[in-house]
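To start, the structure under review is shown below, and the notes come after it.
All chains are identified by letter, namely A, B and C, in their written order; residue positions are counted from 1 within each chain.
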Amino acid sequence: MAGLELLSDQGYRLDGRKPSELRKVQARMGIFTRADGSAYIEQGNTKALAVVYGPHEVRGSRSKTLHDRAVINCQYSMATFSTAERKRRPHGDRKSSEMSLHLKQTFEAAILTQLYPRSQIDIYVKILQSDGGNYSACVNAATLAVIDAGIPIRDYVCACSAGFVEDTPLVDLCHAEETGSGTAVALALLPRGGQIALLQMDARLHQDHLDPVMEAAMTACRSLGQVLDGVVRQHLQEVSILTGE
Amino acid sequence: MPVDTRRVRAPEESQCPLLFVPLLPRGPLRTVAQPEKARVDGRQRSQVDVRPVFARCGLVTQAKGSAYMEAGKTKVLCAVYGPRESERKDDTDMKAGRLVCDFRYAPFSCPKRGTWIQGSEERDAAQALQEALRPGLCLHRYPRAQVEVNVLVLEHDGSVLAHAVTCASMALVDAGVEMYDLVLGCALRQDGDSYLLDPTLAEESGGHATQPEDNQGGVTVALLPSLGQVSGLHADGELRDESVSAAVRACMEGCHRLYPVVRRALVYAARRKAAPPGDSLET
Amino acid sequence: MATVQICEAEKVYIMHGVRDDLRIDGRACDDYRHMEVETDVVSNTDGSARVKMGDTDILVGIKAEMGRPRPLIPDEGYLEFFVDCSANATPEFEGRGGEELGSEISSTLYKMFQNRSSLDLRALCIVPREHCWVLYVDVLLLQCDGNLLDATSIAVKAALFSTRIPKVHVSEDDEGGKELEISDDPYDCMRLQVEDVPCIVTLSKIGHRHVVDATLQEAACSMASLIIAVTHKGNVTCVRKVGGGSLDPESIFEMTETGKRVGKALHAPLMKLLQEEEVLGKRRQKVGFLG
């Protein structure tokens, strides 16, 4: 590894975290009034916004309509100023179309789409600042936004990334770790049932190491699930105070 | 793409040296000290003094209507197609027709050679043209249809947008599109305390030479002459507050100067169309 | 363009309200909505600001990158504007749907800054003909409820105010080659003079009167509006008539008058606010999106 020591001898990471430690998560629901559901999340320096519109009639061509369930439509985009080097286009490149597809697959697994036949649910996520773990921040933000929109889902979808450095699995990678460690696993989990909504791994990893990495990622997802649960509860409390119930 | 390393490659972008020569010896615009001094082409400053205009309808025979206009060295050609079936079916407002404008500089029209690809400046101009022309048209008479206006600038020597508006409205009349009124355009260049009506390209870009004093800017007004309504207003640069209204007034005056010329050209075109074959034209 | 559909009765209601100087949200004709401005919200930009005006929500991030000066103006840096109408604002903007509106807004921003006094572009020059700073001003539309231009221009001004460009030290070596050294001390930076940066005031003609800061519903009642960019001195840097209607010359004069008055009145509190925020420095409680 050229120069950058991702894990010190004492077992601390670049930003001082322990291998299994998450970054600070702060989130807020219902930030926009015009959308049906919206949420904002900060995971360390990664900041994401998610907005949900729907369920509504299928827009555009009628041929997309599904007669037994709702169509999930996702768009992932990054603010042009979100990365260290300025991006020229917010969306439409290959990476973001792939990310949109992943999000769509994730939420098709989580949302009870059969409740809304012949309709469409739009999920738009935007990365405002990117510091690793874009996918997981997007999924977590989108979960909150879907809940804010009042769309029934099976469970929170919690996503977390994990890597493998010096025989130790690291969770919630920051940008430097993501680019430096080689292997990155992105996992989206429905924590209560322990079901995996999406699992993605780039680069190679010895099969013996896969289990510990998965285990670490799943633990991280579960703890993220608790954080998200806390956010939702707090939001509901605030709202119910406002409505005087 | 494979790169040929044996060859010395020219720089990706090159500039014509002539561009770096000021368009004019710096003098003419600098006459703020003697504002009474005339402009390069002999016109007066701060006077409603437009360039002589030549206008003619019906140049493009394939188009429904067309017009050609010259003002000094600025040459604009406009062709109108339609009303025909609208391309955009999804438009929510189907009660009225659509006006589609296209504005292009011919590649040879400017000092620097352009491309055929529409630049952002041309798109802006097309948008401005559309907004200036629309109030003059009875688009509600053409539901579910669109009228296409194509403007091509053959030579750019200042006040292009203004003349494009006038030329386009003439072409629309020639095409027989129902209109409330003609739309006439006039431009103005504010230079310190005085203004230059219907500026040439040199006068228009003069402000970007190192001119320290403020109140520099360009104004373009589109006017519906017999209704007395302003249908388009575009101003750029930095203008002191009182000069905006003064500039608009001067431009309106300039539009009225243009009115008889345009009217005569239209009457001429109408007569020629109506004339029985073989009959010679008087005028 | 983000629009709302309203029926004739609603239109009449709004127009009658405007006639009596009482708009649907209780404002008078030349009142702005409640506005919130916060700078420095995205930490990996050189300057950023978020403006909320009613339900219109705009985030601006500025990144300074080194580039070559334009050949015709070798001693100046330049600004590049990009407006991203994201699908967050409305589903209509999904895919390429927002591009048209985005390029419209950015071309107005270009025009607004196309004069000598708005911003001292010479300060952005490092080595004439060779290196200059290019400020990429990226506007992100998060939510829109009318009056995008005014909110955008305010956000751009606030973001320019908060922009910190690292200082560059130019040293010449023996062969005459220049070496640039960018200071890595975050306090060794250059600030921009934003006093003269104009703000846009959009006036929408409704019935016989005109209103500032029209909401989407009000914009739907208006046939034509006038966009005026005004500096704090009251100079006008850009005027545009937009919309499908025409305007009486008299009302144009009235509208420019109002525009200048309102625009002038907008600058002073904005600058005061920005300076107050600046003074707070590190002690400032950052609100961002969590507030």
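Basically, a residue touches a chain if its C-beta (ideal position, glycine included) is under 8 Å from a C-beta of that chain, and two chains touch if they have at least 3 such contacts.
A quick map from chain label to UniProt name: A = Exosome complex component RRP41; B = Exosome complex component MTR3; C = Exosome component 7.
Small disclaimer: the values here were computed from a predicted structure and weren't measured.
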### Greatest separation from subunit B - chain, by CA centre
A
### Summary
Chain centre (avg CA) closest to assembly CA average -> C
#### Entry: Cα-centroid distance, subunit A relative to subunit C (Exosome component 7), in whole angstrom
32
### Task
Indicate the whole-number Å distance between the mean C-alpha point of subunit A and the mean C-alpha point of subunit B.
52
### Message
What's the distance between the Cα centroids of subunit B and subunit C (Exosome component 7), rounded to whole Å?
### Response
28
### Task
Quick one: which bits of subunit A touch subunit C (Exosome component 7) in the complex? Just the residue numbers, please.
26, 28, 31-35, 38, 40, 42, 45, 47, 49, 51, 53, 59, 73, 75, 77, 79-84, 86, 90, 92, 122, 124, 126, 128-129, 131
#### Entry: subunit B residues touching subunit C (Exosome component 7) - in the complex, by the definition given at the top
15, 19-20, 92, 120, 123-124, 127-128, 131-132, 134-136, 208, 214-217, 219, 224, 227-241, 244-245, 248-249, 252
### Task
Would you pull the subunit C (Exosome component 7) residues touching subunit B in the complex into a rising list?
5, 71-73, 103-104, 107, 110-111, 114-118, 224, 226, 231, 234-249, 252-253, 256, 260
### subunit A partner contacts - residues on subunit C (Exosome component 7) that touch it in the complex
42-45, 48, 55, 57, 59, 61-63, 65, 82, 84, 86-91, 94-96, 136, 138, 140, 142-145, 289-290
